[in-house]
Amino acid sequence: MRQGESMTILMDAEALNAFLEHEFPQVAGSYRVIHADAAVLTARLAVDVAHLRPGGTVSGPSMFALADLAIYCAILSRLGPVALAVTTNASIDFMRKPAADRALRAECRLLKLGRQLAVAEALIFSEGLDEPVARCSMTYAIPPERR
Amino acid sequence: MRQGESMTILMDAEALNAFLEHEFPQVAGSYRVIHADAAVLTARLAVDVAHLRPGGTVSGPSMFALADLAIYCAILSRLGPVALAVTTNASIDFMRKPAADRALRAECRLLKLGRQLAVAEALIFSEGLDEPVARCSMTYAIPPERR
Amino acid sequence: MRQGESMTILMDAEALNAFLEHEFPQVAGSYRVIHADAAVLTARLAVDVAHLRPGGTVSGPSMFALADLAIYCAILSRLGPVALAVTTNASIDFMRKPAADRALRAECRLLKLGRQLAVAEALIFSEGLDEPVARCSMTYAIPPERR
Amino acid sequence: MRQGESMTILMDAEALNAFLEHEFPQVAGSYRVIHADAAVLTARLAVDVAHLRPGGTVSGPSMFALADLAIYCAILSRLGPVALAVTTNASIDFMRKPAADRALRAECRLLKLGRQLAVAEALIFSEGLDEPVARCSMTYAIPPERR
């Protein structure tokens, strides 16, 4: 977000990871929030064999899941622990082949945090490569009880 | 595809499932091709606890993975077993909440099968609901050795 | 829309065109609704030199505008003359080159008409070609006063 | 683009505007490249009554056209005057309402410039507002004669 909107966060990386472990125990082992402030949230996927595809690369759904988690956590960092925010739209470009033996890192920025809809974008990097391997934007619907 | 393009397929549902079991053993247990002809391909995800999210629904990445598999198989059904076709872009709208205890079904139609790019769309249904729970379109890059 | 949702429309092609002429006089000369029922809406762009691009083809923004108009009218056909429904997201695939001297036709289907969001898809055809030249999906936000 | 790829451009803002005036005379009057370097390209739409919509805002297709032009020019700035690069996919989020009486500005960054496909993103600003009014990503196919 930019000037004119709230620059404070309600949940930091530690609080977000605790929330993930409680609410999403099936993914919390692989996906972690590394850093969260008012400008950017960084999350990480520890790639293992379950995420790989033939040709020695990480599967598209694993990258989608990382972007989804990073954007969800970026919204939670602003709104607090609202488990029911839901993705309504996602667009993703797969641009380069991630390394099979390196973690993935998503850098997420909120572009809009409205009463009903939030929009964010994420770049995904394969650790050790300078260029992003994927780009993703998503819209989330904010549940009315939190507006 | 519509009239004017090839109306024959090179791989049917049985051949596609055998290919998935050999190349993608980690997903072949949950995802299956149900039907494939020149007009439509139907695939199915047997939803289990690994695909669920809080609130009793199926995760977005699981729906994305089903659409990705259905579209990949629709391309293979026309081109033969080309393991290296890769997704370059995906757009997905999540429209309704799938039931947690029902399988998901994707209905996929190829819209373009060019020399370099293929475009397809898929509607995803939660078994027992008439309305689609999600809509997805994807672009795949076709490897040059198969053109 | 499918069974289980309202199968009636509040505005037909004639009513939609009268609305466009009144509210959007700058586009109503080129873009027309041809047909509207509960299942599908068809709209047409009479391509002229303003819509062309080098190489003898129709510009991407002209195709985007046709899809946007068709989807907007499909929503109005169900809700009545709500001028303030707004596009929040669009995804478009340009698949084939339209002929420069033929009209374009959009076929639009509503996939969801919720209280806050509507989702629809459109295929765009260049008259005389069987294959679609573009595919588009859009999300509209429905103004609260009409819910 | 980031380190590791070419950091030089073949066409600057002046050369791009001359190209637009020659190849796209119907749009060159409203759309201009303001700045182009290896990191970012900025383009501007001088909004006039033809771009407006009811409610005092700029039409979606006008914003789409600005993003398309900015991304096209960013690719040309690297490749030289290749008139035949074509958009294959676009995803756009309309996030805020632009002012009717202010110009729009697009800031575009190339994320990938491959042999066959280029991917770029653009943020669109309404002059005088700090927050972006729209976000867009597009894929272009690069004609083989230029690879």
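Every chain is named by a letter (A, B, C and D) in the order it is written, and numbering of its residues begins at 1.
Everything that follows uses one rule, which is that a contact is a pair of C-beta atoms (placed from the backbone, for glycine too) under 8 Å apart; a residue touches a chain by one contact, two chains touch by 3 or more.
Here the structure is a predicted model, which means the values were calculated and not measured.
Q: Quick check on the interfaces: A-B is repeated by which of A-C, C-D or B-D, going by over half of contact pairs matching?
A: Equivalent chain pair to A-B in A-C, C-D or B-D: C-D.
Q: Quick one: point me to the chain whose Cα centre is farthest from that of chain C.
A: Looking at centroid distances, A is the chain farthest away.
Q: Centroid of chain A to centroid of chain C, CA atoms only: how many Å?
A: Centre separation, chain A to chain C: 33 Å.
Q: Quick one: report the Å distance separating chain A from chain D, using the average Cα coordinate of each chain.
A: 27
Q: Which integer distance in Å separates the CA centroid of chain C from that of chain D?
A: 24
Q: Which parts of chain D, given as residue numbers and ranges, touch two or more other chains?
A: In chain D, residues 88-89, 91, 93, 95, 139 touch at least two other chains, as defined above.
Q: Mapping chain-to-chain touches, which pattern fits: line, ring, star, complete or other?
A: Shape of the chain contacts: complete, all pairs touching.
Q: Inside the complex, what are the residues of chain D that reach chain B?
A: The contact residues of chain D facing chain B are 88-89, 91, 116-117, 139, 141.
Q: Could you pull out which chain C residues touch chain B in their complex?
A: 1-5, 91, 93, 95-96, 111-112, 114, 119, 121, 123, 130-132, 135, 137, 139
Q: Can you list the chain A residues touching chain B in their complex?
A: 23-24, 26, 49-50, 53-55, 59-62, 64-65, 68, 83-84, 86-95, 97
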